[in-house]
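Multiple structures are listed underneath, in structure tokens.
Across the two complexes that follow, chain A remains constant while its partner is chain B and subsequently chain C.
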Partner chain A sequence: MDDLKLPYWAAGIALVLAATLMVRDAYIASVINLIAIAALTAVSLRFVMLMGELNFATAAFVGIGAYTTGAAVTILEWPFLVAILAGGLMAGLVSIAFGYVTLRTKGPYFLLIGFAFTEAVRILYSKSTVLGGTSGMIGIFPPVALDAWMPTVIVGISCIVILALYVLERSDFGKILTAIRDNENVARTVGLNILLVKIACFAAASMAAGVAGSLHAYANNVISPGDFSFLVAAFALAYVKVGGEDNIVGPLVGSVLLVILGSYALGLGGDEHIFYGAAITLAVLLLPHGITGLLSGRRGRSAAKGH
Partner chain B sequence: MQTAIQLILTSLQIGAVYILFSLGLTLIFGVMRIVNFAHGHLFAVSALVVASTVPWLVGAGFPILSAYLLGAVAGVAVALAVGLVMYVGGFRFFQRDLVGSFILSIGLVLLLDGVLLRTFGGAVRPVPDIIPGTVTVLGAAITSQRLALCVAAIAVTGLLYWALTHTKLGKALRAVSIDHEAAMLQGIPYNRMALAGFMIATVLAALAGVLIAPVTIVSPAIGADYLIKGFIAVIVGGLGSVPGAILGGLFVAAIETVGGFYFDPSSATIAIFVLVIAVLLVRPKGLLGHG
Partner chain C sequence: MDQSQQPLLATRGLTRRFGGLVAVSNLDLEIRPKEILGLIGPNGAGKSTTFNLISGFYKPSAGELFVFGENCTGKSALAISRLGLVRTFQHGSFMRSMSVADNILLGTIHGVKGASARRKRVAETAAMLGLTPFLADEAGNLPHGLQRLVSIGIAFAARPRLLCLDEPLTGLNQTEVANTLGVLQRIRDEFGCSVLLVEHNMKAVMRVCDRIVVLHHGQHLATGTPSEIRADKRVIEAYLGQRHDH
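Now for the complex of A and B:
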């Protein structure tokens, strides 16, 4: 196994958590929540990109996680952590069934079917009276004791899940995913069950997306079908592309940068769609490897010059 | 019996627009191997231009039909300009790069969403009746406008089919979509064909927008609804296949009409989704897809 750079991760997570403990301002706290949830969604999207597929159903699984938590809290009155786990597990289970059928397809078909799935799931929420129909669910509150520490809790849970996906990416499993992306048929010739590996990758990413949805439900207290359109996946894609997809740090950088800039632009009366649209378009045209790609590319060049 | 005829007629009307839409998507995919999510916005741009110029021209004293024709020309021209900018400024660099082009198109979708909303406002725009009156076909009533829409869409589809099978350009486009390297070896200029394919698809989307404007309520969000149905149609039919796009368009329209009649529109959408999953389970590349 490669060097996981775990000391850096531990230091980084500790630093971020310490910073969230300082926050007392409600607006800053809400932006921090948004960043943590956005980063988790973006890392989930990128995890499926490791095997060369663009997973637009991410938006649907964020929604499934959020609605599961919503139902668990408001109807079943389950405790906090159990409700979050339930969100992740539900998203994972649905993704196994969905993936079993759709992962036989590839490329554009998989992408478009994920897009259609997102819309179909949204229609299901709005038709279900138990789940609040088109107006959604209200009153998804965290326990009172945790209320003041929500940013720390949300960032902490996001960090754990992101770290888990990172460890998975660096393990032998991650190498199989890269092999599938590079050439699926070669991977099949060495006896790997490609469909099974793909479903495992998809389920892991979807569980992360489900947890992101659960956190969203707790952070917002209110969820509605409109929150989980394909735009969730489109924004996650923006974080991945702007930050850079070659490294797991990319989506983190992208989500921190874009959420802060986006909230600032929104505060000035800007248009969120134009902002994110311009960010994605410019990033794809000008920075094919994102911001982290730009930095590591420069480091690589200067290192080459040094030798 | 009368219900059946009515349902078939309605399916044909909706299907006609879906066909124009999915033909464009399948053409772009075939020639450039890209998925263009911004296709729906080309359609929305032309419908919005028609919906804003027609009332204005009628107010200026033009007769309604010539106002509509002028509006149609303006709508197609604006959509072509937007399409050209998209191709030259973006998609040209992402040919045969599915993920890159898709991400670019998502960026364009968000950008155009915002720009259209700013330019045209969020309000819905009704377009006055172009051809008033209704006709009765085999005992089923249909407004003349919708009949005209149907006839025009079928004419455009027929023209495209003829062009693809009989003209030099059409044959070149088909050759490129089957194997672009072999086509280039035969001396077919690939880059020119990619531009031609993209612009023909833009014209198809713009025409669909022009035709749909008088029979529906036009708003900047109109593109998204048709886009998802158009994509489902090409998934069912098989990406890159022209007969597949026609078949898929009719399939989606028929389920939507019948499901909407016996149940409700949102159940029909879910039924379409379930059927697509069933099709993919049997044929992962769509009914008529290959390669």
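Now for the complex of A and C:
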């Protein structure tokens, strides 16, 4: 396993958590929650991009996590952490079944299936009376004791899951993912079970997306089918593309920047959808390696490779 | 039959059709332990199809395939590779965006458990191929000759019993060809691994192979030692395209 730079991670996470403890303003707290959830979703999307697939079903798994937590809290009255874990596990389980069938396809086909799945799942919520139909579920509250500390809790849980995906990416498992993206037949000829690896990658990413959904449910207290359209994945793609996909720091930078700018644009009465579309377009045209690529001096594909 | 003389790979009447075209027809092929077998033939002779059939990437339309004595007819590429038959591909059988070390590592993941054992296998394999100085380099940035060696490195890191190489010498200069042939001989001599070599470079094939199989129009044309093949009239005609009446 490669050097994980764990001291940097520990320092970074400690710093961010300390910063969240200072927050007293409710608006700033809500923006921090949005950033953490966006970052976790973007990291989940990027994890599947490691094996070369664009996973629009990310949005569906965020929704499955949110609704599982919603049902666990309001109907079953499960405790806080159990409800979040349930959201991640349910998304992971559904993704294994979904992935087993769909991961035999690639590229545009896989993308379109993910897109269709997201919309189909959304229709299921709106038809289900138990899940509140089109108006959704209300009253998904965290325990009273945690209420004042929600930004810290949400950022903390997001950091743990992001770190877990990072460790997985840097392991030999992560190298198989890159191999699948580059040339999956070669990986197959040295005895690696490609479908199994793809399903494992997809399930890990979907669990993270599920947890993001659970956190979303607790942060908003209210969820409805409209929250989990394909736009969730499109926004996540914007965070990844603007921040840079070469490194896991990219989607984190992209989330912080775009969520803050997006919140500001919303305040000006601008339409954030146009804003995100423009962000993706500009990033792809001007910054093929995103902002983090710019910082590490890697602009073009072959330029400045550090030799 | 004596275990040591049992063929590693045998095909019986192996046939593959694509629509009306018979790409490989009724082929009987044997690869023996510790031999370097050349598979040659003019363009379109069915070499690549044969390669894909024995490695499980194509399913045969008819005939049987035995790998290490096991009937592998219709088995998947994954199942066959796990028996110890590892192949490379004609065009870039490596990962451009990964370091040479990580490329070779891929070959060890299935068979070797534990990070330090994998690292050791990578180091041994790189040393054998002369890739040690380039371990940290991104494979896509290496010169073509070294990239070809990286492809062989991934495959050989799995320590196959039968290594199948699809045109590993294409685009190499004379020094690189000699170097690669030396590697193939060492793989055979030191590890007892048989090699199936599909190659256009006739001089190299004649030099390194113990036996040569010639395909023509999807059919078996001749089998023999390099000197036998060199003297074979049918082979010369197939290559020179001479007219001959039956």
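We adopt the following convention: the second predicted complex is superposed on the first by the 297 of 307 C-alpha atoms of A that agree within 3 Å, B and C clash if a C-alpha of one lies under 4 Å from a C-alpha of the other, contacts with A are read in each partner's own complex, and residues count from 1 in each chain.
The rule we apply is simple: a residue touches a chain if its C-beta (ideal position, glycine included) is under 8 Å from a C-beta of that chain, and two chains touch if they have at least 3 such contacts.
Since we're looking at a predicted model, the values are computed, not measured.
Applying the stated contact rule after C-alpha superposition, one finds that A:Leu112 touches chain B and leaves chain C untouched. When the two complexes are overlaid on their common chain A, residue A:Leu192 makes contact with chain C while staying clear of chain B. A simple residue count on chain A separates chain B from chain C, and the partner touching more is B. Of the two partner chains placed by superposition, A:Leu15 touches none, neither chain B nor chain C.
By the document's definition of touching, neither partner reaches A:Val82: not chain B, not chain C. When the two structures are aligned on the shared chain, A:Asp182 is found in touch with chain C, with no touch to chain B. By the touch criterion defined above, A:Leu4 lies against neither chain B nor chain C after alignment on the C-alpha atoms of chain A. In the superposed pair of complexes, A:Asp172 makes contact with chain C only, with no contact to chain B. Put simply, chain A uses no single residue to touch chain B in one complex and chain C in the other. Per the touch definition, chain A reaches chain C in the complex via residues 1, 172, 175-176, 178-179, 181-183, 185-194, 305, 307. Looking at the complex, you find that chain C touches chain A at residues 55, 57, 77-78, 81-82, 86-89, 92-98, 102, 105-107, 109-111, 115, 118, 138, 141, 151, 154-155, 157-158. Per the touch definition, chain B reaches chain A in the complex via residues 29, 35, 89-90, 93-94, 98-100, 102-104, 106-115, 117-118, 228, 231-232, 234-235, 239, 266-267, 269-270, 273, 276-277, 280-281, 284-286. Note for the complex: chain A touches chain B at residues 49, 54, 101-102, 104-109, 111-113, 115-117, 119-120, 123-124, 126-127, 231, 234, 237-238, 241, 271-285, 288.
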